[in-house]
Amino acid sequence: MFDLPLDQLRQYAPTVAEPEGFDDYWRGTLGAAEAVPVLLDVRPEPTDLRLLDTWDVTFAGFAGDPVRAWYTRPAGVDEPLPVIIEYVGYGRGRGTPHERLTWPVAGYAHLLMDARGQSGQYGVGDTADPHGSAPGGPSPVTRGILSPQGYYYRRLITDAVRAVQAARLLPAVDPQRVVVAGNSQGGGLALAVAGLASGIAAVLATAPFLCHLQRAIEITDVGPYGEIAGYLAVHREAEAAVRHTLSYVDVACLVRRATAPLHLGVGLRDRVCPPSTVFAAYHQYGAANGGSVPQRSLHVYPFNGHEHGEAVHVRRQLRWLADLLADR
Amino acid sequence: MFDLPLDQLRQYAPTVAEPEGFDDYWRGTLGAAEAVPVLLDVRPEPTDLRLLDTWDVTFAGFAGDPVRAWYTRPAGVDEPLPVIIEYVGYGRGRGTPHERLTWPVAGYAHLLMDARGQSGQYGVGDTADPHGSAPGGPSPVTRGILSPQGYYYRRLITDAVRAVQAARLLPAVDPQRVVVAGNSQGGGLALAVAGLASGIAAVLATAPFLCHLQRAIEITDVGPYGEIAGYLAVHREAEAAVRHTLSYVDVACLVRRATAPLHLGVGLRDRVCPPSTVFAAYHQYGAANGGSVPQRSLHVYPFNGHEHGEAVHVRRQLRWLADLLADR
Amino acid sequence: MFDLPLDQLRQYAPTVAEPEGFDDYWRGTLGAAEAVPVLLDVRPEPTDLRLLDTWDVTFAGFAGDPVRAWYTRPAGVDEPLPVIIEYVGYGRGRGTPHERLTWPVAGYAHLLMDARGQSGQYGVGDTADPHGSAPGGPSPVTRGILSPQGYYYRRLITDAVRAVQAARLLPAVDPQRVVVAGNSQGGGLALAVAGLASGIAAVLATAPFLCHLQRAIEITDVGPYGEIAGYLAVHREAEAAVRHTLSYVDVACLVRRATAPLHLGVGLRDRVCPPSTVFAAYHQYGAANGGSVPQRSLHVYPFNGHEHGEAVHVRRQLRWLADLLADR
Amino acid sequence: MFDLPLDQLRQYAPTVAEPEGFDDYWRGTLGAAEAVPVLLDVRPEPTDLRLLDTWDVTFAGFAGDPVRAWYTRPAGVDEPLPVIIEYVGYGRGRGTPHERLTWPVAGYAHLLMDARGQSGQYGVGDTADPHGSAPGGPSPVTRGILSPQGYYYRRLITDAVRAVQAARLLPAVDPQRVVVAGNSQGGGLALAVAGLASGIAAVLATAPFLCHLQRAIEITDVGPYGEIAGYLAVHREAEAAVRHTLSYVDVACLVRRATAPLHLGVGLRDRVCPPSTVFAAYHQYGAANGGSVPQRSLHVYPFNGHEHGEAVHVRRQLRWLADLLADR
Amino acid sequence: MFDLPLDQLRQYAPTVAEPEGFDDYWRGTLGAAEAVPVLLDVRPEPTDLRLLDTWDVTFAGFAGDPVRAWYTRPAGVDEPLPVIIEYVGYGRGRGTPHERLTWPVAGYAHLLMDARGQSGQYGVGDTADPHGSAPGGPSPVTRGILSPQGYYYRRLITDAVRAVQAARLLPAVDPQRVVVAGNSQGGGLALAVAGLASGIAAVLATAPFLCHLQRAIEITDVGPYGEIAGYLAVHREAEAAVRHTLSYVDVACLVRRATAPLHLGVGLRDRVCPPSTVFAAYHQYGAANGGSVPQRSLHVYPFNGHEHGEAVHVRRQLRWLADLLADR
Amino acid sequence: MFDLPLDQLRQYAPTVAEPEGFDDYWRGTLGAAEAVPVLLDVRPEPTDLRLLDTWDVTFAGFAGDPVRAWYTRPAGVDEPLPVIIEYVGYGRGRGTPHERLTWPVAGYAHLLMDARGQSGQYGVGDTADPHGSAPGGPSPVTRGILSPQGYYYRRLITDAVRAVQAARLLPAVDPQRVVVAGNSQGGGLALAVAGLASGIAAVLATAPFLCHLQRAIEITDVGPYGEIAGYLAVHREAEAAVRHTLSYVDVACLVRRATAPLHLGVGLRDRVCPPSTVFAAYHQYGAANGGSVPQRSLHVYPFNGHEHGEAVHVRRQLRWLADLLADR
């Protein structure tokens, strides 16, 4: 056990400080992005999967940059369906259309968003990050990390919010039933969107990244948090600037505005996204949404690391979401 | 590069010696197994995947032992479909019904066979191996390894052949279009079945295990081959017996009888199932089937290890199989 | 230091809960085993060790299964001698007769019991575990782990108790002076036997396995405890069943009934059998034997891991036992 | 020994094929860069090193992008000095002015060029790479790797050539005695400049990167070559494009035009920049410069890896260069 | 974080016990060494570094043994300069004269002392340790460790003190401005000298070894502390003797007598010389010098290990020392 | 397989060059040692092993230095016995008297020689190496490595030869039946003694060190050969001197003079003492003894590393030696 034991985690609810101008920062960022039409292109993508139809979607993300996504749904179904927007893990992209079949096979529409400029480490993608000049390191997690304005995750979170707006315009989508989902970086993005976008129907996140960043970079030296720590090991005088930047994208702050029901999963031996950072975000979820705390559940896998509950958890997600949406 | 370079691999075609009584061994083994009815139980399995129907199947494998499998197909389709029988990798089991969706989503019937007694290392399974008394080590690959009669893979390969017989009896299956497929151990089983069962329509194998075993245990010390080498490091006087046993389950011999078209994939940096062992089997494929060498293709991934072509290769498999079966 | 520091270990005395029906479980298990005659075969084994005589012994263990052992004693000595029953470590077997010479060279009779079904990982053995159908993983420590009735260690501990009964019937053994001894798994078995068998003269255990299992599987991920944790990482819904099963074989409970003098050794840096689990068992030793707490000593090696005191500790064991038995 | 033995290396002289339009590619690239004035800014940098004067230099590199460098020379020396232009290793930048003192302390002027967009992994830098949109992976060595026009090393090599032009305009530099030097990536850049720039007085390279790239990515999986191999393991269909791109920046081709005396060092156990790739470049050095093969020497360190001869080699470099320049 | 968190480190000020006769031990040791003349030989060493002059110095260390050093200073400067005495890290020696240029380039005289008998692991040296018969292990840190009289560090610390005396006799040195400096083992020696020698002008130490040894050998198993722990893992009965010996060379005790201003650096992730041991020494620094606590500063690098602040810290050292000496 | 395959090993018989004055070097070295009486002290050592008697022996080794050994034999046997002189592995010492029981339990007298100055790494010893001033590195294998006269192994091999002379003077030893034995370093010493001492009755060596040193330091980087390679990686200009020194202690040369029957064992996957170096020595064994090649056998363990045949091999050794000595 490198992080806290379970009984302490259940009580671990630090107040993660919001930086000055936090709301303005995001209002300004999203407002600028929303000034242009969101849906740029939707074209059919041929596959050999007879039960599904797929489209190659391009929408306008941060700064209007083109962001790619796969839109997939049960073939031949014309009625409006709930849509699951899925975000991918760090170092990955949207891949090929036949890699993530669970949600469409369960009967949902599914929009799988590419992660700009991350292609190459574990999976392929098709979206560039055309903002090369901000100072910082070469890896996505340190790109532009010296200022909140130039930081990579400002752009990626904005893309994720814009994906919600794009999804609502896609053919045969029920705009009242937009669900956000993801694992690791994707889980962090889903939680961020839950705090920044309105009208989200449900949030499904596992092993989420970007939570309680001030602690995360102190307690682990693997994965993308470790890349930040490694950057600070080289840039010894950048700690204050980096911590300032990170405070603007900390999901443990963003989720305080969330209102949607939450289904969360975490492995107690996760060194990539340590459980204490996930519990910190969980305990903040919906705490400042101006209303009541939304329904939220946290599934703990004591013997698992970053892989958390895998197929067991997916089965729980499928069941939970079917029940939730059946009530509407 | 720990194995041979590509230009030498393309020429690497050793004659892998068949042990005495090789055909009798398999004729006797399979004959005994076929003496009992194959299909023991077929019952619907509820899931939250609306596009598919799943059944929990039990069939009689080696010695009539009950072997479990998931049978999945497009929901509401009653016409006879081609069926893909898929075998799983080492240390895994059939898992949960929503883990392997590609083939049914592509429109095929799909039978996913459990691997007896392997549950626990990487994936879950539901099939015991009730033959505990044969001498050998505790891991599946060394269980009963001191004699051809008691060896674990005699039982598992027999299960795999019986799965073909079971599949042909499942509802709405086209018995002329039975395809066998698998990765790693699953790829080795698919190749073995291609040599032992008749009427197979196609074989899809990647990074296959069980090929050219006499060389495999000499050149790698990782994965299941490494477990055999480790067993011999402890049982220093068992080498002759072990080599004798292995000669009866060497896929590089079994495939000589194959007649079905073959689609094969391999990574050049694969240390688990070294490429030379795969090329050795590829060059033997169909060489002694009494007729002409069947259509066969080998896809090489020079920068990949045991993960080989992953989604890129799956896309090629889907295309190749659709074309192949369209001709029939 | 990955476990507690020494001053806390000295105080670490948790009450390890006994499961319901604990005594019945063991009374029933042992009673069934004792229904058949214990000594099945004793035949001379030739070696090139002129100072010793060795016999290959087979006795009836759990379910009457044949269990092998080496019986060795000073050549040409006919008088009844104290006998040391030694149990082996995980992944080992009784090996060859010339591997464990210390005790017979010191003048004792020595019975070295094989561990059923463990041959192959680190050492050779000759005893099968003919109970292949219980659900669980392939490694001995997870075999049948889903139920107390089917668990592997129920069988192995029973074998260990039966070895005491067999030893008393061997030629020229003093039945009043039966000593149990072992390292790692062997140490756990010696402690278990101290709690389950009557009339034991002394217990010598080092780095014992099987102690305070509920904690052990949480704090280490190496060795056989790590195999259990790994099993639970795959079988995510089996935690309750596994913890239930383990509670029946926890040596920290079994030793509460012990009455024999105890000589124990532990390394503070032992990650395989963490020191806190050993201290927990030490503090329970003899606590519920219906009489006074027996003489017990614990030798701590602060800079050692699982290898503990090695030759230094053996010298202490030899001295302690000579003194102890001299008093009788 | 993972690469060839020394006697084979001494004969290892493959003809590394030049791609079509190789000369045009570089003529066009450099011509475009040279269209703007090179020296953008030179300002004194205060340090606590009394024996040296340092200036912070900015010059126009590829596309006129500002590239930073430290210019350092013996304090109070006004006469024109030979200048050593030093290029840095992969993942590094120019660092702070007191990190590389050898050359100025030896009495030379010294220009230490930053590597655009590489700051953060091992050392700090101050130069951005404002070309974010080319497809490819996030690490410098894969940035834009899908086309020769967009590849990162096209830009970096151009910067390195421009550094020569900038150096000649710095105060009190003898433009006839411009020496290029570097280790690893820096060594590769020095060799590239030797082939692309005219009038270079000497080349000092150790463990050079970028040599015989087609082989390098096949035989090692560590360091930046390993990053390319890793990229190809994910982008399985990009091999042809990547090999095409690499052929335009292969130092084993570029050095064929070189005319300057060469002092080279290599460790036989170097897995980062394998010795066979260095010998390949060495044997091509000056082979097609239209005149005679220049003076060249190769220092082999049989028991060293990428660290090669370190201080021993530096002493040889200092001596060799003093002798060489004394002759002029 | 394997050691204490920063807020606890700032309070971590254990009283490290001095052994009986501590002052007598050192008074006797140094007195014996000082009975012979210190400067044995000073001869010019040719280099290719035109800005510096170097001499090869031999002085009489412990027992009069010859100890080598490089003496380097700005070429052609005859006025008395402050001298920095630098001690090297574990497993290193004085190397070649061009390896450590910072201090002389900054304008100081510089004496770089060899470490007796340590040549070969990371760097070269020229000084033997002609005391081969003391019991203990082969590595320097365990040589003679069974008695305070025979321990290696008694000899090395004495050498370090003698280096101060030698430095004051070198040509053109200002004997009032002798500064001691070093990293790791060198940092420990600089601190030890600060406590044992009089008239030291300043101390510059980073990541110092030899601090709070009783704790150090318990909490880390890497680096030279790990070698001691490894020795005790083999010599299980030597713990008391080893702890007794170490108490005489613990820098956390020696620094209590120090009077010179201190500039100290530490990385919070240092596993070689854990930060708690450094803070322990820092808090003792000057605590028992019979006067006021000297000026002292501690620079913490939260994301660094044993490499601490590297060039950033060197810049701080240069600035601090220039300011400090300017006041004199 | 990192070394040659078995079929090539069986042919691998390089002529290992003898340095000039090889015979003089050893004649002089041994002659000087033999000038003093060999047996210094023999005193009973109490143990708790009733079947054996042990004495603590001190004899005069190289330069008359006191070398310790354990002499052990069956208790109460007065007749002259064959004596096995055993040498220990690298980093070990003679340990405690109860650690190596096989030979005395088999009925032989047994002299276990300590290795001077090696105590501490894996085992304890009681013999110092009082020759501290020769240049070289701190580890035994590099101590004094810069000259044949000062090299550590000159001293240790001399000790080993002197042990034969001492053994013949011990009580109740049959001087015609002196056998030398050892594993790893001990195996190398046994072979060396076979070439240097006269009248040896048999040689038992496994995984021998010190064979074909010129190749050994090139092909492995682990174990003591790796320490030499590591020394040369630091002392880059010492290769010629080191190779010269090593040529005087190469067992592949020394064994050419051997006349005693040889029983040898080797693991094909041994990276510590690579098999090709062992085969090289095997093929030289007795090749220049002035008579016929002695009886020699080599036992190959294809799946083992440095641990070779362990108990299986010991059983073969016991049998072989009993047969051999029975003939006399």
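A few notes on this one:
Order of writing sets the labels: A, B, C, D, E and F. Residues in every chain begin at 1.
We take it that a residue touches a chain if its C-beta (ideal position, glycine included) is under 8 Å from a C-beta of that chain, and two chains touch if they have at least 3 such contacts.
As the structure is a prediction and not an experimental result, all values here were calculated from the model.
Listed by label, the chains touching subunit B and subunit F alike are C, D. Counting steps between touching chains, the shortest path from subunit B to subunit C takes 1. Each of A-D and D-F has its own count of C-beta contacts, and the greater count is at A-D.
A straight line joining the Cα centres of subunit C and subunit D is 64 Å long. If you average the Cα atoms of subunit B and of subunit D, the two centres end up 51 Å apart. Spacing of subunit C relative to subunit F, judged by their CA centroids, is 38 angstrom. Multi-chain contact residues of subunit C (touching two or more other chains) are listed as 230, 312.
Of all possible chain pairs, the ones that touch are A-B, A-C, A-D, A-E, B-C, B-D, B-F, C-E, C-F, D-E, D-F, E-F. Those residues of subunit C that touch subunit F in the complex are listed here as 47-52, 74, 95-96, 98-99, 101-102, 104-107, 311-312, 314-315, 318-319, 322.
Interface residues of subunit A, counted against subunit D in their complex, comprise 117-124, 128-140, 142-143, 230-231, 234-235.
Considering their complex, residues 1, 269, 301-305, 307, 309-310, 312 of subunit A touch subunit C. Against subunit A, in their complex, subunit C makes its touches with residues 217-219, 221, 229-230, 232-233, 236-237, 239.
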